[in-house]
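Down below are the structures I want you to see.
Shared between the two complexes below is chain A, which has chain B as its partner in the first and chain C in the second.
And now, the complex of A and B:
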């Protein structure tokens, strides 16, 4: 399975808010604070647990920013791995029902 | 520059109330001798009104939301309010005396992902703490609650308000906080009552007692650095505003009144009559406050302490002029450095 075939969802154990065209996110588990740039914010906003990452990259990232799918995939993996490490984003091979987002 | 400072800078530029305090009630089960509130609950907002305020704060960009009071847990719907705030992804801090927190409440607060519980502890001695809160047994109940909250893995911060009644207890409370594994913050300022009554201000530390606090490394960190006078004033200081109240910080009372800060009772509007956005963007009082730079302060801009003074415009407002000095902060600057402030000299006719 490709990384871009996976599903991503926001954890419910976070605080987040849009600040201009960026997002601020804090993990309530370890209080780590993140500021996401506009590209990261697009992925974050689209991380609903039911849309495959490949579609998010194609329809949101590549459509709105001047970047190839390949490059977007590489950047997204690094970004998602980092947030997943802090429990902020959940990553799964299967769609993530909202009740499981915790 | 830290990420938090960057966020604050961006929020200031965009006019976003990044931090809000919402008092959901002024009723309280304690009667602290230094409290600045009256405890009348008549006319406080309903749960529907409070949820609407919280929704509006989210839409306006608030990220840090402090739910406070009075004692917020006196409202039976307090957990419903907290749950709603968390569903809108606020970073929520709860300010409480904790005496109503048992195992179930602690567990629920953990499940909701409350960022921090802030609790006042006035002394390690029950006879002193309980005499200040006027609630017998309150220290024991508060400390039991802190242990329960810690057992759930929640972050707790003890705020130690310093006054004449507990002047010698700071170090012991700090040790208590360490033993409990919680943060410790001192607050040496007694705020006048919001109705203008200044009688409780006399409870605060003054003179040598205040100086001793600022000479204690455990309270202020590097004493030499903290107490060193800084005479150079750069343009950045003069062009800045002296605090975030009304810029990135806002306070909402249980009755829907909007103020720049809980310590700044300048009426800006009421949420039963206007939307939050209308008040935040359109209030003449807020517009005036935001226009004030340090260079516009007739006394303080020429003060030796201007580059590091913790001048509170709300306390100055309560003394009659939000552009004037705050005598509490003048005393603190003098206690830190041994140098009288321009505000103090002005009052005795030195200039």
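And now, the complex of A and C:
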């Protein structure tokens, strides 16, 4: 399975806020803070657990920013892996039930 | 110090309950009450030890408000020094509707609904100071405010906060303040949301300066994140970065996901309302030409 075929969703153990065109996310478990740039914010906002990552990249990232799907995929994997490491984003091969997400 | 701290460790059960069982008021003891009002919130401390009353009155000075109606009451049971594990870090957690607050030199429980609590400590000002700080952080978390590791001062009717970790210059900038500046604290700034505005209150919580701040309040005009430098300079800090840096300096000790989220929300709302700047400063009086 390609990474871009996976599903991503926000954890329920977070707090987030848009400040200007950036998002700031906090894990309420360990208080880790992340500031997301506009590209990261687009992925974050679209991470609903039911939309495959490939569609998020095509319809949101590539459509709004001047970037190829291949480059967006590489950047997205690094970004998502980092947030997933802290339990802020959930990543799954299957759609993620809404009860698990924020 | 002091990002949001979640220091409670599951399975690390404290010995406070044992101490509470062993202590207690004996019948016939005379009770004294000292009401300490910080941030407009009067808290009554009840003790049977007249010497401890004198200690409290000396320590809290202008913050003792005998005429106030207390919002919360704590009985303070004095125990001999050495009854606790002196090396234990502060732990704060909610258990059966009561806050449990413990550190190496004290233990306390507090029921916010009943507005009552108990503190067990030896007769020293540092333990009670810490309990009061922690209680205020819990109260402020539900009210859109927070305690910030910052010095603060009032000039021309406006409050200015100077935040930073240890050695950033909080006490230095307080010491350099000209005579027209009233110092609120050189250690822990009290930020409260009042009618949609953010107000800084004086606190008795002192740092290296070693003296309490003036017991006054003023609307907050700006926050300066301190950094010592070769010359004075002010730069605006973008909101997301401001939240990140403020959160590192907000004093909060409880292991409680809901309150941690509320503190985060408060920091975001605060940054949306109050400008945050980086203040690079050379430590002499000229820095105050940029303030106020």
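Simple rule for what comes next: the second predicted complex is superposed on the first by the 101 of 102 C-alpha atoms of A that agree within 3 Å, B and C clash if a C-alpha of one lies under 4 Å from a C-alpha of the other, contacts with A are read in each partner's own complex, and residues count from 1 in each chain.
In this section, contacts are C-beta pairs under 8 Å (C-beta built on N, C-alpha and C of every residue); 3 or more make two chains touch, one makes a residue touch a chain.
Note that the structure is predicted; figures quoted are calculated from it, not measured.
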Quiz item: Since both structures carry chain A, what do chain B and chain C do when superposed there: clash or fit?
Solution: clash
Quiz item: Should A:31 be classified as contacting the first partner (chain B), the second (chain C), both, or neither?
Solution: both
Exercise. Give one of first, second, both or neither to describe whether A:15 is in contact with chain B, with chain C, with both, or with none.
Key: both
Practice problem: Name the stretch of chain B, from among 22-30, 40-48, 76-84 or 274-282, that runs into chain C once the two structures are superposed. | Solution: 22-30
Practice problem: Would you mind listing the overlap between the chain B footprint and the chain C footprint on chain A? | Solution: 13, 15, 17, 19-20, 22, 24, 26, 28, 31, 33, 35
Quiz item: Okay, in this complex, where on chain B does chain A touch?
Solution: 3-4, 6-7, 10-11, 14, 16, 18, 58, 61-63, 89-92, 113-115, 155
Quiz item: Across the complex, what residues on chain C touch chain A?
Solution: 3-6, 238-241, 243-244, 247, 257-258, 260-261, 264-265, 268, 271-272
Practice problem: Show which residues of chain A lie in contact with chain C when the two form their complex. | Solution: 13, 15, 17, 19-20, 22-24, 26, 28-31, 33, 35
Quiz prompt | Contact set on chain A toward chain B in their complex | solution = 12-20, 22, 24, 26, 28, 31, 33-35
